[in-house]
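Before any comments, here is the structure.
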Amino acid sequence: MSLNLILQNLANGLSLGSLYALISIGYTMVYGILRLINFAHGEIFMLAPYFLYYGVLIFHLPWWASFLVAILLTAVTGIVSERVAYRPLREAPRISVLISAIGVSYFLQNLAIVVFSGIPKSFHRPNFFKTIFQFGEIRIQSTLIASVIVSTIFLIILIYIIYKTKTGLAMRSISVDIETSRLMGVNVNRTISFTFAIGSALAAVGGILWGLRFPQIYPLMGMMPGLKAFIAAVVGGIGNVPGAMLGGFLLGMVEILYVAFLPALSGYRDAFVFSILILILLFRPEGILGKKVQEKV
Amino acid sequence: MEEKKELLFLDHITMKFGGLVAVNNFYLKLLPGELVGLIGPNGAGKTTVFNMITGIYTPTLNRIYFQGKDITGLRPDLIAKIGIARTFQNIRLMVNLSVLDNVMIGFHLHLQSNLTSAIFKLPGYMQEEKNIYHKSLELLKQVELEEFKMEKAGSLPYGQQRKLEIVRALATQPKLLLLDEPAAGMNPQETKELMDFILKIQKDFDLTILLIEHDMKVVMGICRRIIVMDYGITIAEGNPAEIQRNPEVIKAYLGVEANYA
Amino acid sequence: MGKKKEARYTILALIALAILVYFAQNNLDDYKLRILNISAIYVTLGVSLNLIFGFTGQFSLGHAGFMAIGAYVTTLLVLPPWYKEMIFIIKPLIWPFTIIQAPFLIALIISGIFAAGAALLIGLPVLRLKGDYLGIATLGFAEIIRIIANNIPQVTNGALGIKGIPEFTNLYWSVGVAIFTIYIVRGLISSSYGRALMAIRENEIAAEAIGVNLTYHKVMSFTLSAFFAGVAGGLFACLISTIDPKAFMFTMSYNILLVVVLGGMGSITGTVLAAFFYNFFLEYLRSVEAGFSIGPLTIPEIPGLRMVTFSILLLLVIIFRQQGLLGGWEFSWSRLINIIKKIFFHQRATEGGNG
């Protein structure tokens, strides 16, 4: 394989990875705080490009304004889903919350079918995103560059929020111990809402960039990327935000390079990803950046 | 020492977690029929010793022998099978199962019938099941828990739960019983009953007992021999009178609680 | 109540059920039969998942994968060789499927064995994991099975799937298998081995400390559970007559999980009721989607509305009744008779404890 081709694939992997990174943060933050695999997160991701699509088509908003509105609406959806479906179950057995998450996932998926119809829609790409940059032999779509830049910006904002603001401190403290945090005066409900808002907003950015990259949107589009982003979160160390980013980038890279190096086996790409998940779970369940916890006997 | 062969022999075992040495060079010989107390401040490494004996941890250094056989690193269920049973500091009952079921589970490891005869309730299995049922009831009778046999184990009061856990351990028909703070959380009356109970089962079931306990009344009252640990090492060993006089022990541990003696 | 009397009631109930099934099979239309068949298959799936999840406490999301194995094995065994040769168009079918054909019963048993074999291979390493991690790992394996099915057209006809599978599944089969599954799982659960499984669910460390071999019991439960899922997969294939890898997405595992949790984990009775309730209800909701008119107003057909309604109701049930429909409640004759006595004779009947 030529150097150029390798660079081309690396660029591809990096940009796909940046999308996984954006989605996986929502999983990891929610798991860190509620110990819940939010099965509905993939559907949150799917809603954002639809919001943008209709913002442009029906409300004739400029693309950038529609982009912001879509992120806002998705964040609100995330907050509402937590309020309605997870908060009443805060004290319930964890399996009930998981079933609730499956319920939300089915609800959003089918609501999308009802409202947006099940037929795939082609996602409008502003001209800027159609440009192709040429670096010597390497041709890179501007979408790819945009995903890397946009996701990096959002990830930096996130890191700032988590480690430098009071809300971030509250988030970190309730992920260690909800009850103690409550006693120390942390507003638990508000912080959890905020966590869902951030996770959903990042998934929204991911979803829109996904729509630009694979310019078709449909109600079931969140299932696979959602599942894989969750895998990325596990690989990085579930509950660990930098871990989720790292896991996302690694997963994107691995997927692209797998297909590049083993084109004959490309049909097994997702099986390969799942195998990595299982190996990580068996040999390093705490993930790459997570900490080991042992049950006290 | 007499000629009696030891039941349990911890040959200078050491347990490290990363850089932390939880138990250092711990030596213990238990003779059949002994009732030995293991005491020491919190974090001294007592429960870690139990966890090594019962196979939850494998010692970083050196070996453990039971009836002359090397059992180091054996799986916990196999340890139970060869005759070592234990209770836990934080009670571990099957809280949603009935009191009776909790005891009957203890007999499972001696079950002879295979899976098929158990599923299809073949006569051989039914006979065994009947025996287990009666033996379990018998055990519950001895600790006066029979009337609660159909209650959920988790609904019993704390003291009763501790007793039930001991009975469950007895159901495995052990030679050696390890009790991890059996008197924790009990009131003086319950503690008194517990001491009698421990002495009674030791006699009735011909047991060797190793006991971790913070309540000095219990340890001094029923143990002939006491081992004191601190920071993972043995700092003293002897009979209750010797332990109470030992300056090391007083310094490390008993100083504050000497009034119990 | 005596054991003998209980057994007599059970036999009477089974005879009544057999008569009922006979009449249903001969008098109901295909549509209704199909719903009853699907429900009975869900009973098998739900009860088998309840064994590993509800009773053993091991979170498994792999049932779709075991079903897939069963469905493909049954299909390949019951289809006649000439037909298989005809429909495998991406790549020719490989030996020995080109020559063998087996009766339905044999095919179902072999399906179960294959699914159980896969479970044994998967379970040995994976059942060391706990909780969510185990759930995700089993989901991963089920997806791998599906992806493999997609990629070996010489066995599965790839994404095109296999059509024209003989519709052998009728109520005798689906209800028969469901009853057999319940019989085996109940037999296991009520035995010393079953107590060991529940001990693992309640407290793994304590179970091991009293001599329960964790690996043996978990793998046994997982394998048996997968066996029944495989058989159910075979029944499923011969009911809907068309299978392709997409039919066995992880959402299939979710649906079985829903049935178990809605029925109440660790309750076989609950699973049976929930399986029927779930499928009847989903069918009933088709009317919501089909479009209807209220006076002059006509609501057109709206695809998706059925599942929207379903998911809202699912959320309501899980939020307001977390322990499922029956909690851990289990059917027994003495309980039923007590209830009847209370209702009709206003008697204070005593709860029959059994020993």
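Letters are used for the chains, namely A, B and C, taken in the order the chains are written, and counting of residues starts over at 1 for each.
To be clear about the criterion, a residue touches a chain if its C-beta (ideal position, glycine included) is under 8 Å from a C-beta of that chain, and two chains touch if they have at least 3 such contacts.
Values in this document were obtained by computation on a predicted structure and should not be read as measured data.
Taking the mean of each chain's C-alpha atoms, the chain whose centre lies closest to the overall C-alpha mean is C. Comparing the CA-atom centres of all chains against that of chain A, the greatest distance is found for B. Remark: chain B and chain C have CA centroids separated by 43 Å (rounded to whole angstrom).
Chain C has its Cα centroid 32 Å from the Cα centroid of chain A. Between chain A and chain B the centroid-to-centroid distance comes to 49 Å (mean Cα coordinates, whole Å).
For chain B, the set of residues that touch two or more other chains comprises 56, 88. Counting only residues that touch two or more partner chains, chain A has 297. Chain C has residues 205 in contact with two or more other chains. Those residues of chain A whose C-beta lies close enough to touch chain C in the complex are 35, 37, 39, 84-85, 88-89, 92-93, 95-96, 99-100, 102-104, 106-107, 109-114, 117-118, 219, 223, 227, 230-231, 234, 267-268, 270-271, 274-275, 277-278, 281-282, 285, 295, 297.
Interface residues of chain C, counted against chain B in their complex, comprise 184, 187-188, 191-193, 195-196, 198-199, 202-203, 205-214, 220, 328, 353, 355.
Per the touch definition, chain B reaches chain C in the complex via residues 54, 56, 75-77, 80-81, 85-86, 88, 92-97, 101, 104-109, 111, 113, 115, 118-121, 125, 128-129, 132-133, 150, 168-169, 171-172.
In the complex of the two chains, the chain C residues touching chain A come out as 59, 125-126, 128-129, 132-133, 135-137, 140-141, 143-144, 147-148, 150-151, 205, 249-250, 254, 257-258, 261-262, 265, 302-308, 310-312, 314-315, 318-319, 322.
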